[in-house]
Amino acid sequence: MDPLFFLLFAFITVACGVNVVLQKHPISSALSLVAVMASLAVLYLLLGAEFLAMAQMIVYAGAIMVLFVFVIMLLNAGTEATRGRSWTATIFGIPAILILIGALAYFMQTGMPQLGSVKFGDFRGGGAYQVGYALFTEYLLPFEVTSVLILIAIVGAIVLARKELD
Amino acid sequence: MDPAQIAGILKQGAVPTSWYLALSAVLFVIGVAGFVLRRNIITVFMCIELMLNAVNLSFIAFAHEHKQVSGHLFAFFVMVVAAAEAAVGLAIILTVFRNRSTLNIDEIDSLKN
Amino acid sequence: MFKLWLIPLLPFLGFLINGIFGRKLPKLVINAVAIGSVVASFLWVALVVGPSTDWGEHKVQAHYFTWIQSGNFNVGWDFAVDKLTMIMLMIVTGIGSLIHIYATSYMDHEGGYYRFFAYLNLFMFFMLNLVLAANYLILFVGWEGVGLCSYLLIGFYFHKKSATNAGNKAFIVNRVGDFGFALAMFLVFINFGTLNFNGVFAAAPGKPVETLTAIALLMLVGAAGKSAQIPLYVWLPDAMEGPTPVSALIHAATMVTAGVYMCSRSSVIFLHAPAAMQVVALIGLATAVFAATIGITQYDIKKVFAYSTVSQLGYMFLGVGVGAFSAGIWHLMTHAFFKALLFLGAGSVIHACHGEQDMRQMGGLRKYAPWTCLVLACGSLAIAGFPGTSGFFSKDAILTAAYAHAPWMFWVGVVTAGMTAFYVWRAFWMTFWGDYRGHGKPHESSWVMLAPLMVLAVLSLAGGFLFNVPEMLKDMFPEHGEVPEEHMLMAISVAAGLIGIALSWYMYVVNTELSGKIANALGGVYRLVNDKYRVDEAYDAAIVEPIIHGSSAVLWKTIDQGVIDGAVNGIGARAQNVGGLLRRIQSGNIRSYATWVLAGSVVVIILMGIAGGVR
Amino acid sequence: MNLLDLVILIPAIGFLAALFIPRANEQFIRLFTLGVSLLTFVASLGLATGFDKNAAGQQFVTNFVWIQNPEIHYHVGIDGLSLWMVLLATFLTPIAILISWTSIEDRVKEFFALLLLLEFGLVGVFSAWDLFLFYVFWEIVLVPMYFLIGIWGHDRRIYAAVKFFLYTMAGSVLMLAAIIFLYTQAGTFDYVTVLDQLQSGRIALSHLQETLLFLAFFLAFAIKVPLFPLHTWLPDAHVEAPTAGSVMLASVMLKMGTYGLVRFCLPMFPVAARENSGWIVTLAIIGIIYGALVAMVQPNMKKLVAYSSVSHLGFVVLGVFSFTQVGLDGAVYQMLNHGISTGALFVIVGFLYGRKHSLLIADFGGVATAAPWLSIMFMITTFASIGLPTLNNFVGEFLILQGAAIRNFTWAAFASLGVILSACYMLWMYQRVFFGRAAGEPEPADDHGHGAHNDHAPVHTHAVHGGHDSHGHGMPDLSLREWACVLPLVMMMVWMGMYSQTFLPAVSAQDARILTTIEKGPQASNVNITPVSGGSAHAR
Amino acid sequence: MPASFSPSPDDLLRFLPETILIIGGTLMMLLDPFLSAKKPKMFGHISLVAFVAALFATVAANGVPGPAFSNLLIVDGFATYFRVLVISIGIFAVFCSYHYLDREKAETSEYHALLLFSVAGQGIMVASNDLIMIFIGLEISSIASYVLAGYLRHDRRNNEAALKYFLLGSFATGFLLYGIALVYGLSGSTKLNEIQKALAAPDASLVMAGVAAALMIVGLAFKVSGAPFQMWAPDVYQGAPAPVSAFLATAPKAAAFAIFLRIFMTGFQQIAASWEPIIWVMALASMCVGNFAALTQKNVKRMLGYSSIAHAGYILVALTSRSEIGTTAAMFYLAAYALMNIGAFAVVIHIGGKGEKYVRIDDLAGLAKKQPFTAAMLTIFLLSLIGVPLTGGFFGKFYIFRAAIESNLTWLTILGLLNSAVAAYYYLRLLVVMYMHEPSEASTVLEPLTPGLRTALVLPAIGTVLLGVVPNFVLGFARNAATFGK
């Protein structure tokens, strides 16, 4: 079953990912991105990351993407203009992307050490308990420090988006 | 990887970790491609999220490989970072839009040469 | 011992006093200082050094201080007196004194009076240095120093462009000669390890002929510059821009003979380099003829004497070249007498005619300036080799030696002697006979001017008897072989002189039309000679102009500013171009930036992946 | 703290102190900097009197660690080579200050302070015995000169200043690379140690390495000298610089290059120096002739003098690379001579500029009438520059040419052409500037002659119509201050020309040591060129 | 390492500097309602106090060196050195900001809070021993910087700078993060010493390690603005408010170089042979791009942006030499670089005027006549940037090239030195304009130097000269720190 699940959701992920890029209207891209995240959450689950799968759905697909959609609506962003001005991006961009994926594939193919395989349920270290325990012991510092990150985000948003400086 | 191998995997019922990694790589590159090719700033920003998600998948796949929880934590931190970035980034986009009334990334090029 | 340093230093003090304070001094003091210093020096030479010097082998040496010392290159400020030097000292100080006296009157009305005497004293200092030197470098000090004074005095009337031009020309042409002299010194030091005359001459006979020939030829270049020989004679006629006493002292009697002195001084080297000797003789002879032909056609009285000087210097070189060093020196001395006389006389004539130098504007002056006429007649006789005069003896000595060396040289010399007599007497007739053709009323010069002239006139006439130079110098230079036909030769040369005088008398007194007819008949040839063979023009066209235009157009404008600076600025411009290109890449477009990041990362990833795989 | 330290420190302290003087006190600033520079000069005279010319090695040494790891020493001292260079710098600085007394009106404080900084750098360059320290001073010198040219210069000053800075910088960075490389080999910057290790073979350089190191040092020095074809910064810098700048530049700074050649290039890389001497000498000779020819056709006096420097310094390089005692002595001596005589040329050209605000030869004429003493001083300087015996340049040039002739007679022959040409351009300039009559000049002053006999009418009649007193105002003779600038220089010319024994023995002794070390060089025997010293191959 | 809920006092002490900075920033937000209307300058004072306190805390923390927080952090000489550096830069940034914010009427608590947070993030970066910690520190620093770059939100230049910085920064972070992920996958840890061990294992996959390192190089090179990842730098430095540019050009760069050094000199030392050529090329490219593109700039800020690229190139040369001397050199150079750049930007702030109207090079014209002191200070900084002896810039360059030559990077050295000669040209242009041109419009409206800016000029100037004349006091410390505790 696992491979089928994987392939299914991998297909959804990639398809939606491509859709994010291909869609002309940002709102479509955003919805595709939500789909990517959702299918990724499933893959996380397959990898035994229960907590993260939930977090992915709640934080990412929920909070962050809502913010995106909100801003898109707020700015009333329409279909993106077709006139592009970057020759560099068009001429070098696409070949570079192809070479990048090729290179990554080649090196992963040749250079990756022998890895195991994933079977649903063979790793149970990703539950809320384990994650929580690690967060408050070994990873206490980053956990606390990320709070600063959130604070900065708040301050930054205030600085940039509030109505008037006075 | 030839079809026979794939068939073997399907039969066995276990997915090689490298498939996840490959998926991650593909997703990453899609993100990169989107960044380079799209013109709407918000879409471009979403492509960055795509890249971060791709990396998260790698982290979790490797966490599974090493049977460690730390990889999950990394992914978790990345999410927090992504959230903070999203807040700040969207605020920046907002100010840009207020001043220029455009979201076309190609039109934001007054600082140059 | 003899305080040799006093000899040059006295005039030098005169120079300092007049040079620094002269502006504020009355003329009387200036005269006293200028004349006094030179006369004192003359007296010191004549009364103290001269008599005490044993006229035999004895040689006075004095070392004052080390001038330059570097490794084994050691040059001291050394003086030495031997007989040759003694003769030169007498000539220089003696004639120098006379000319100083003459000049006090001649320059009486000139501006820059003190300046003139300061320069003149400085000249004496350097000239005495030159003859007193005991090594080549000190000789060279004098050599260059007299060049400097020559430059200053030729350009004495520095408001006149022609004067300063002439000064520059003199100095620069001399520099060409000095170039040769300096190279000669380098060779001397390389081969002898010293520049001292004693050391060099002692070792010279043992050195290879090629070396000595090279040294001698290079010295000849130097001598040719200083003594106005072909091809470097061109400066001397122009040097007549200077005041006449200068022409007499520097450009006739003393400085220009320094080349002859130097060659004689180096006789040991020359004698061991026969090929060089031959060259010296040929150049001397060629110069003698060449300058004489020009002299025939000139109308400026000083130019005539100037070419005559060149010609006579050629004689001296002929003497040196054929090995008759003492004859050369003899002629040097007699020439100093009569040529100084001629120039000073010419000065007197010019003075009489209110500054006129063109002989066509003179004539009949014997009535207005009888004394001048008389003394000039003496000088002219002497230069024409009239029997019994000083010129007769010295010229004869040279011609005899030339005959012994190669008869054809004798014959050329004789022809030259005839021409010399012709043009000098031509000048004489044109000046003193006929009717006065100029403006104003000519007048006789003052006694201050005439007195030195008379002394010189006596010397010109009797100098040959009084000072038998070959006799004095006979131990210094090898004996010259006797020529059997000596009297015959003497007669021929005297005859040539007389014919010259007679011809000139006929052409310029009896049949004055004739010269014009001949000139017309000769046409182009005459004009060529009258234009001094257009050598100056040729030099200008062949050397000066190409150098100046080449330097300006090619070296400066093209190579310096075009190529080198162009390359430097070009590098700058290229750098800015590159900068401009890089700035264009920096388009401000976020997507292009991202593309660069992407492209960069692709390259880095591939390289690192490959490198990592290789280990 | 010995005397040399004082000589280095006094200008530095003076510089800093001058910065704190209120800028309104202009006269005080002038006096103060003059006082400092004179004090330095007096102190440096003590160096000359206390110097023992027979002792090997450097004297007045101060050596302590400045920076640990990499161990960089403040190691200064002087030997026969640097002694006179130091004195040259201290001698010319007061003169440079004096000539700027009235001509500098803008930003007086900065100007005079910078001159002191320049002096500090120059003295430092010539006395440093640590490679790093040397480089430090070498670069420090650039800064004040850059400002001197750029701020107080003439019309194209900025171009000239930047060109000067970049040219020098481009050369010196390679020297820095070479210095660092030597450090990695020797483990020290101390020049004595480095040299010792190089000579004893403890640092074994490959042939290629030695050549490259030599070239790196050589390039830096050659630009500074400047050697053809790296010279084009010089005319620009000279022409545009204020007089004091030109003087210091020509007289002292150019010597940094030649000094470097003698001090560093030769002893450290004897083999490379000898192998490369052929083309170097060729360039030097080209420079001699080329500089002279180009000087001849310059319409601008300063440019003329600048190109003449190219020519004269070609002689110096020739002397250095003759590898003979005579040539080397002459080269070092010629550095001093050129400093004095070219310095004086610039000083007087500066006077002329101050009077007429032009540097073009064509704008002058007849100066000799109006300002006889000025003309006489310039005449002496001119002849010194031409190389008239009894004046200083002759001694140097003769020794150089003699040395070159010992090594290769053809070199001397070609180089001697420069002596002829120098007379051409200098005299021609002198004639056009000082002789003749200035345009519109009236009858000459009473004591200056036009020949009563010879002087023909045109000049007279033409001149009568000129303005009556133009020359009296426009071209005064030397003032007392100007005398104070020129007279010491002229006296030095005569002294150095007449009695070189004051200076040469110290130089000679040091040169002899350098030459011996060169001949002892570890690989010297492998090379096919036999070293020649003096004329020892012949006579005796 | 046994996991525990309560960190030890030593752990807390080792993290004290950042704690102080964060508390200071938070405190500022709390005090905002009381101060912002009446005494906005107080915010500056408070942040100064916080920075100074953090500086002392750094010194205190250095007294108890060692790892903290389950080895995520490490306090060693290296960390202390860079902490002191970034905190000092913070102090100077505050001094630079007083006048600027006053002029722009934009004195807020948020500005100073963000500055404090940003420095805190850099402090975390430099003291981290773990890639994930590094990442978090980097993001704290970066996100705060993004906001600061766009601080004057009504200014179009600020907006654009912020957007570019943000988008491209995030893009590059993606690469960095991907690299971290791969490293984690290969070694099973993100701790640098573990990575080093894992890579030393005989069966380690060096191909993937290379790819991972490559991705991290991309991310880090972006942060240090090494070519070809430098494109953002000129735009951002030009667009951001001048004091922020001063800060951005120095502190994040120093911190980024610190982690660059730490990661590549410890974690990736095993595969040094493969990254050295890459950095070699990158160093050269940075020097060339920076210097050549700066040649024709007209805007001072932009020119300084390009110059910072070139200087990054020099520091990359030090990295290329991958020796302790090289690390020392990079550390020293960063200090010198920070001082001279802050100083140069301070002058730009001074002459800029309201709305940064006068930031063209020509606006410096005649500065030496109007304000000789300011001109003299800028002269010191420019001479240091050129690399004239007796300045920190020179000694730093010298030390870098010394390291390079000792590592046989002769050609890189020569090219680098030639580059520094090219660089002299555009720095000289500033000197030319300042000293040799007649005063322009900008100088007529020039205000006198305020005490804050004066401090921001004098202290760096003194520092620059001290680094050049007596480099030992910094050099000695850097040399000990460069061993990474080995």
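The chains carry the letters A, B, C, D and E, assigned in the order they are written, with residues numbered from 1 in each.
Just so it is clear, a contact is a pair of C-beta atoms (placed from the backbone, for glycine too) under 8 Å apart; a residue touches a chain by one contact, two chains touch by 3 or more.
All values reported here derive from a predicted model rather than from experimental measurement.
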{"item": "Shortest path length from chain B to chain E (each step joins two touching chains)", "value": "1"}
{"item": "Partner chains that chain A and chain E have in common", "value": "B, C"}
{"item": "Longest centre-to-centre distance from chain D, chain (CA-based)", "value": "A"}
{"item": "Middle chain, criterion being Cα centroid separation", "value": "D"}
{"item": "Chain whose Cα centroid lies at the greatest distance from that of chain E", "value": "C"}
{"item": "Centre-of-Cα separation between chain C and chain A, whole angstrom", "value": "101"}
{"item": "Centre-of-Cα separation between chain E and chain D, whole angstrom", "value": "44"}
{"item": "Averaged-CA centre spacing for the pair chain E and chain C, given as whole angstrom", "value": "77"}
{"item": "Whole-Å gap separating chain B and chain D, where each centre is the average of the chain's CA atoms", "value": "68"}
{"item": "Two or more partner chains touched - positions in chain C", "value": "583, 585-592, 594-596, 598-599, 601, 605, 609, 612-613"}
{"item": "Where chain B touches two or more other chains at once, by residue number", "value": "21, 28, 31-32, 35-37, 39, 44-45, 61, 65, 68, 70, 73, 77, 81, 84-85, 88, 91-93, 95, 105-106, 108-112"}
{"item": "Overlap residues in chain A, where contacts from two or more other chains coincide", "value": "84-86, 89, 93, 96-97, 100, 104, 107-108, 110-112, 134, 138-139, 142, 146, 149, 152-153, 156, 159-160"}
{"item": "Pairs of chains, among all present, that meet the touch criterion", "value": "A-B, A-C, A-E, B-C, B-E, C-D, C-E, D-E"}
{"item": "Residues of chain E defined as touching chain A within the complex", "value": "1, 3-5, 7, 15, 22, 25-26, 29, 68-70, 72-73, 105-106, 108, 110-111, 113-114, 117, 120-121, 124, 132-133, 136-137, 139-140, 143-144, 146-147, 150-151, 153, 162, 186, 203-208, 210-211"}
{"item": "Residues of chain E that touch chain D when the two form their complex", "value": "368-369, 372, 383, 386, 388-390, 394, 398-399, 401-402, 405-406, 410, 413-414, 417-418, 420-421, 424-425, 428-429, 431-432, 435-436, 470-472, 475-476, 479"}
{"item": "Interfacial residue positions of chain C with respect to chain A in the complex", "value": "585, 587, 589, 591-592, 594-596, 598-599, 601-602, 605-606, 609, 612-613"}
{"item": "Sites on chain C touched by chain D in the complex", "value": "23, 65-73, 109-116, 137, 140-141, 144-145, 148, 151, 155-161, 163-165, 167-168, 171-172, 175-176, 178-179, 182-183, 185-187, 189-194, 203, 241, 243, 350-351, 354-355, 357, 547-548, 550-552, 555-556, 559-560, 564-565, 568"}
{"item": "Contacting residues of chain C [partner chain B, same complex]", "value": "583-584, 586-591, 594-595, 598"}
